[in-house]
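First the structure, which I've put down as structure tokens, then a few questions once you've had a look.
Chains here go by letter, A, B, C, D, E, F, G and H, matching the order in which they are written, and residues are numbered from 1 within each.
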Amino acid sequence: MTDAIVERPIVPTEHRPDRAAHEVGHKVAPLLLTEQSHFCPGCGEPIAARTILENLVELGVAGQSVAVLGIGCYTAMASSFDIDTVQALHGRAPSVATGVKRMKPDSIVFTLQGDGDMVNEGLQEVLHTAARGESVTAILLNNGVFGETGGHMTATSVLGQRTKNTIDGRDAEYHGYPIRIADLIAQLDGVAYVARGSVHSPGAIAKTKKMVHKALQMQVERKGFSFVEILTMCPTGWFIPTIEGPQYMDDTLGQVHTMGELEVRG
Amino acid sequence: MKVLTRGTVTVDVEQCKGCDMCIPACPPGVLSMSREVNGRGYRFPILHPGCTGCQACQQICPDWVFEVFRYEEPIELEVPES
Amino acid sequence: MTRRLMEGSEAIVEAAIAAGCRFFTGYPMTPFTEVLEHFSKRLPEVGGVCINAESELEAIGMTWGAAATGARAATGSVGQGLSLMQESIAEMALARVPIVVFNMSRGQSDYFQATRGGGHGDYRTIVLAPMDVSEAVELTQLAFHLADRWRNPVLVYGDFLIAHTSEAIDVQPIDFGPLPDKDWGIDGSTSGTGRSRMITSIGIGKAHSPTSGIIGHFEGIAPHLAAMQAAEARVETGFVDDADHIVVAFGTAGKFVRYVVGKMRADGVRVGYVRPITLWPFPEDAVARASEGKRAVMVFENSAGQLIDDVKISVLGRAPVIPIGGISTDASGFGVGDMYDAEVIRGRIEAVLAGQEVTS
Amino acid sequence: MEREIGLTGIGGQGIQLAAQSLARGAAHEGRNVSLFGVYSGSMRGGRTDSSVVVADGPIDAPPLVSHLWSVIAMHDAFWLPTVEGRGVQAKLRTGSVVLRNSSTFDTDLDRDRFRVFDVAATEIALGLGNEMMGSMVMVGAFAGITGLLEVDSAIEGMRQSVPSHRKQHIERNEAAIRAGFDAVADRVLAAPAWSDDNEEVRA
Amino acid sequence: MTRRLMEGSEAIVEAAIAAGCRFFTGYPMTPFTEVLEHFSKRLPEVGGVCINAESELEAIGMTWGAAATGARAATGSVGQGLSLMQESIAEMALARVPIVVFNMSRGQSDYFQATRGGGHGDYRTIVLAPMDVSEAVELTQLAFHLADRWRNPVLVYGDFLIAHTSEAIDVQPIDFGPLPDKDWGIDGSTSGTGRSRMITSIGIGKAHSPTSGIIGHFEGIAPHLAAMQAAEARVETGFVDDADHIVVAFGTAGKFVRYVVGKMRADGVRVGYVRPITLWPFPEDAVARASEGKRAVMVFENSAGQLIDDVKISVLGRAPVIPIGGISTDASGFGVGDMYDAEVIRGRIEAVLAGQEVTS
Amino acid sequence: MTDAIVERPIVPTEHRPDRAAHEVGHKVAPLLLTEQSHFCPGCGEPIAARTILENLVELGVAGQSVAVLGIGCYTAMASSFDIDTVQALHGRAPSVATGVKRMKPDSIVFTLQGDGDMVNEGLQEVLHTAARGESVTAILLNNGVFGETGGHMTATSVLGQRTKNTIDGRDAEYHGYPIRIADLIAQLDGVAYVARGSVHSPGAIAKTKKMVHKALQMQVERKGFSFVEILTMCPTGWFIPTIEGPQYMDDTLGQVHTMGELEVRG
Amino acid sequence: MEREIGLTGIGGQGIQLAAQSLARGAAHEGRNVSLFGVYSGSMRGGRTDSSVVVADGPIDAPPLVSHLWSVIAMHDAFWLPTVEGRGVQAKLRTGSVVLRNSSTFDTDLDRDRFRVFDVAATEIALGLGNEMMGSMVMVGAFAGITGLLEVDSAIEGMRQSVPSHRKQHIERNEAAIRAGFDAVADRVLAAPAWSDDNEEVRA
Amino acid sequence: MKVLTRGTVTVDVEQCKGCDMCIPACPPGVLSMSREVNGRGYRFPILHPGCTGCQACQQICPDWVFEVFRYEEPIELEVPES
């Protein structure tokens, strides 16, 4: 943002353009029941949600999709997603998803969990579900904190990260090391697809959307467990101004939880 | 000076939470934050000439504020020399 | 099927399958292990699914998911494993997810956990306590029915004796009458239609069908509990009307007491028994009526004293309530102690009749 | 004498810090104080409430009070009864003092029943360069209008309340409190907390 | 330390540290989070350890290990988190590991879980229920004392109100008298000496010091429970002697009732209150005595009806027992509902005095 | 065993030799309070236990050692080890060990767990403890079954393995894939040493003993979390004659859970 | 008439299969049967007990009986009272029939009180090539000595009881049962189950 | 035939559970299983000439049956030609 820009004239933005123009993309992500979003300013979670919702529509599986939500800020999406939903307890979504999928093998079941939910409380759940090769897709929104409770350290917080209960930064000696969950899951035999994306820039968002696409596609093709980790900004839990979110993410979480595809079953 | 403008956006001011993230995300840098606040007390983005209709703002906005359009024919908008 | 010598755990599995149970999962722990083994053999044969869950926490989660689709689903465990499931059981009650849980308990000292809910918050599970294998076959089927009727978890409180006793059994499906449609079941088919569904314990609804909110959700619990309580208490009584003393006992202990009281009656002793079949709702009225004018109400249970609370709440001072049970286990901790002996029990009842103190 | 002050808003509006500033400020002046806050860790726009009881004698009442002498109203999301509760207004009595953030509080108020003071807190904060400091502005305005505590005490209360990892905000919080105080210069002690005619505040 | 305005959660932490607590661990959940935050700041300052446990299950396990060394150790949670800990709490009671658990509960509907043990088997935890921040400071310290005295887990039953209320507090260590040596603590130093030690819930001993075996281990539970029960019941009563009616309530609800009854007495209404401070052991005798000759015993609790069971067991028919509470929460489910209002409570009590029905 | 051997004369073995001879090794493993062992014939667990006990003595740390046992057949060792012991619940040993170690930093704390205990019920515990870099040693006795409950499938059972509830062999499609736990743990930043040994032959036993030595040494030097997985025979749970145990292990578990050192922090 | 048969031993001795063989065998002959077994999954030498009630009418007694008409005693670990329980012997009455595996059961028995029959079951099994089949031998011996059921019924009971993954053992089990039966050829019906003079069995 | 014998073992017969594992583990193959059973009904190992005192049996035995000795001087034991 250069200061110069604010000197320029203002283009009216209240109404659709009166000139010949076509709309590109939707304003609101598809499959939403409300435009309201109960997230903090600058939160990365709704951005990540859009990548999932758009893919469900584009893959043509929206009408058979089941969401199993963990407990974290994203839980607020339960009411707004126009998707059959089972709200799981904290950490338990992969098992709940397993139960749904086994009874309804034709449904497309995905979990939406945070790092606190998946890598803390429910680490075992996701690993066992992956090793079992369960035909579900797990999506992790990793912001390196418990956003919902106010920004505490999770098992993915990176060394040096300042959180509510590691106020001088996460110290390996006292608090241990972060877990790179996608790397762990990629080690397991039951998995078909593992990737890690981010939503801190338009480019990263586009890549992430493709990852989610592939993961869901694997489920459609019944190739096994698929997993996408998405790094999301949490300015509230990081105690930084919203504008610094993307860069902070790149400098901290992004350095440890590096983006890319880790496992793609042919 | 004329600025080539391939697209435009609408801004749903009341939806905005003033996070500023769209500002640096806009590749041609044609967004800036308002001086006023909306009904919830948040500042919101303002568009200046030069939008490419690239959707970057739309993609990064957590609050579904932008609708993006591409003009069938690009237009030129007048801006003062800076 | 014709009569076949079956262990209790096998009979329970056959009964569950007869009741339409098509999903089971669990984690080994004696004597629940045996139930799991039979399910893992039988369910695939009838087109169902049995998962060897990696832990009890995962078992209860899978059961939640399966039941959320509307399928009849069950799990179970013992002791420690049951405790691990309490978070989910409590929340499934809130989320109105009907499941059946088998507690093949060691002894009777999970009574509090079963009837008060070991989990947090205000919820109750219906608890059915069979006294033997034959009754377990009936109550297992009833459990699935009641779970669906009330959209509430139902617990079957078995034990080592029921699991490991073999009797000649012929499992036949029982018709308990019609049930409401399971139109709340989740399968993805309403996604994207604007009528999508949600199963949740946290009281929020889809934006298109606002619920009563969290406050309403929680406030709605009390009437739901009251309705179950009014409708579902079950009890067996014997010889109570002209008895001077009665003995209250449930499950296997109830089977012993029933047998002993029968023998004592045959010998002309005026003693009767009350055997709660549902532990929750507790048959308060039946116990209250039976206690009217009695010289004492004895409680025989294999625990430090849990059932006795409900007996006191029912008797409300009408007669003295005297414990004649106690903790009794074998060396493996399976809860099959030396107290489970008709002669020992008779001795304790007679001691009370004789006005002596009973020390367990 | 006991004065019950309610603060209501949505997450992110700094309600809890405002309440603590008032409470610690009043305690600093030797008052007895009890403070209760409804908040959870996150800032996702949910309800955040607080109530402060300030008294010149011991407080034996429970921290949730039946009535409010005054309320600082940052947002009206939880003002009227909803499915989420009976709303803040239900706790007011005739004559209760309402400081209303006119920038973000829309609901109509019964100005005959309540003593309503409009403060454009968010706009004032915006003028100071941070629109999120509206509740600090309100603290200053409250000190000015009610004299429940001195504005310097409120600032001292704020200083004691800012958590160690946010110490860098102290200066600008102070500026906001002072700006709020200045903004009501024309209404100083318009609703004095410790005067007796408050006893008119009634159900 | 001089008086300082402290939130309840901070005051609790200061009290725990004053009582010698040097190990804490937990997993965030409002309003327990605040307790964890204060511990994580304060314990390192006093040479203690605070671990940000990865989950509640791991928190309770770590606490087990820390307490097994003889250190004063604590953990806690809320709702779901507490439920997840039930397996360990039950078994720690059996293993005689003294720990303190803070349940910063949402409302009062974990009463059953707290007093009956949400876990499996026969065990009880002592439950201390402070009514406000000042009392929490005292009872937190008492909790550590009682845990060591009885080698039994002790639960402090707080709530959102206590956690989030700030008062001016001066935390001073309290001396509750001498305690037995912790010669059972494990530190490796007796390994290889032929006198090595063991902490176990499963009743087996080292081969060199045979225990009473599993049977003896389990049978020993009943006397242990009876001893705690006889010694530790605590209660506050007010205006009961000449009252026509009494109200029973605990914790924050008790604080409201105490305040309301005081006001009513000032207005000449003959009502009294009983406030159990220990929920287990329940002050049965005090409630029984207080109920003698009363026209009614009211129970005010923020739940669908849990405390009322213990009141009935105590009153045993001496007077009618009437619930005047109910489930009352706020929209966040924190259990701070509109019922917590002196005027609302007074209205309910007056309705009973007037012979009307109370609907919550 | 050739049949010929039985034809040969018998050497008396009731008493110590009357000729000049020195004893090599102890009959009974050190640090035992009783010679009785309550294990099935052919069980590998006592063999593994010997490697630990001998190392504690040889490292000179026996007098400061604390054992934290899981729940499985090896739980029976609680009474016989002359070692301060905390008996943990099923799966929870790593957390309990953490609590002990943090309060008694000078003690040498090790867990003894089975595959059911560690890789099923307590998978999350061991991974979090490892990532935390907790200075404890975890020892896994991996026999690919729940021995104690009668030989059911665990998360380490290999494909095709016949267990009590996978009677036609573990099938990837229905039962999922085995988890190679040592490989997973080796991925984590907090670990100092990870190795996998076995007790199916005298040679393997000797190597395993060295691994346990190194693991404990890492703890002495406070280098982080150390871990040794030991494959043990369970003829009872494998439903095979005891004599076939070692070979069966080599052919099944040993092919998937391959032996060697996976991580050695310098 | 009801006959209660106890079986006692240590894990790995095949007690449960023996009990099932007797129970299913008796059921095969049309008797009413109730069977109870104490076992856990593993075979680590712990207690394993079983009791079988066989009756010519309906059984209304609970499965844990106060007294045993007869007992098959494979090992004496749990015979007398210990810290682990009051022991099997406590359930016997004067005249109870005890089949003792003389190879592995050491404790002295009161041969005046009980009708004791020694069977070297483990040795007989060893002769058949598998020392672990002693309890099958005992089943055959029991059929011979008591006539509670025909030896062929016992074999049928065994067949029905062997789990599917152990079917390959049926042949050698049958051989063991027959060998047990043959080993007591000299004592056939020495303690007949269904004769009335058993009513002498008394406390 | 003379067989060089460097060591020997003692066998605690009553401790043995007859698992047979020592038999193939013995490098020179000088152990065989008894025909009789011990007090718990298990067969147990018998030593033949040729032990090297290598401890393999001791290490693999789960039941602490063997004590192993090495002779100061190896001896030769007589066996019949096979």
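Throughout what follows, contacts are C-beta pairs under 8 Å (C-beta built on N, C-alpha and C of every residue); 3 or more make two chains touch, one makes a residue touch a chain.
Everything numeric in this text was worked out from a predicted model, so none of it was measured.
Novice: Need the graph distance between subunit B and subunit D over the touch network, please.
Specialist: Minimum number of steps from subunit B to subunit D: 1.
Novice: From subunit E, how many touching-chain steps at minimum until you land on subunit F?
Specialist: Step count on the best path from subunit E to subunit F: 1.
Novice: If you average the Cα atoms of subunit A and of subunit E to get two centres, how far apart are those centres in Å?
Specialist: 39
Novice: Can you check how far apart subunit F and subunit H are, centre to centre, with Cα atoms defining each centre and the answer in Å?
Specialist: 25
Novice: Compute the distance, rounded to whole Å, between the mean C-alpha positions of subunit C and subunit D.
Specialist: 53
Novice: Distance between subunit F and subunit G based on Cα centroids, please, to the nearest Å.
Specialist: Using C-alpha averages as centres, the distance is 38 Å.
Novice: Taking each residue of subunit C in turn, which ones touch at least two of the other chains?
Specialist: Within subunit C, the residues that touch at least two other chains are 28, 30, 33, 54-55, 80, 87, 91, 202, 213-215, 330-332.
Novice: Listing for subunit G: what residues touch at least two other chains?
Specialist: 40-41, 46, 83-85
Novice: Where in subunit F do residues touch at least two different other chains?
Specialist: Subunit F, residues with two or more chain partners: 39-41, 89, 120, 123-124, 128, 132, 146, 149-150, 152, 155, 164, 167, 175.
Novice: By the document's touch rule, what are all the touching chain pairs in this structure?
Specialist: Contact pairs between chains: A-B, A-C, A-D, A-E, A-F, B-D, C-D, C-E, C-F, C-G, D-E, E-F, E-G, F-G, F-H, G-H.
Novice: Which positions of subunit C touch subunit E when the two form their complex?
Specialist: Residues 78-80, 82-84, 86-87, 90-91, 105, 107, 109-110, 112-113, 116-122, 202-203, 213-215, 218-219, 221-222, 225, 303-306, 309, 312-313, 316-318, 326-333, 337, 360 of subunit C touch subunit E in their complex.
Novice: Okay, in this complex, where on subunit C does subunit F touch?
Specialist: Those in contact with subunit F are residues 27-30, 33, 36-37, 40-41, 44, 52, 54-56, 80.
Novice: Quick one: which bits of subunit A touch subunit B in the complex? Just the residue numbers, please.
Specialist: The touching residues are 1-2, 4-11, 13-17, 19-29, 35, 37, 39-47, 50, 199, 201-202, 205-206, 233, 235, 241-243, 245-246.
Novice: Would you tell me which residues of subunit F are touching subunit A in their complex?
Specialist: Within the complex, subunit F contacts subunit A at residues 120, 122-124, 127-128, 131-134, 155, 172-173, 175-180, 183-184, 187-190.
Novice: What does subunit A use to touch subunit D in their complex?
Specialist: These residues of subunit A touch subunit D: 38-41, 73, 76, 146-152, 162, 164, 167, 236-237, 239.
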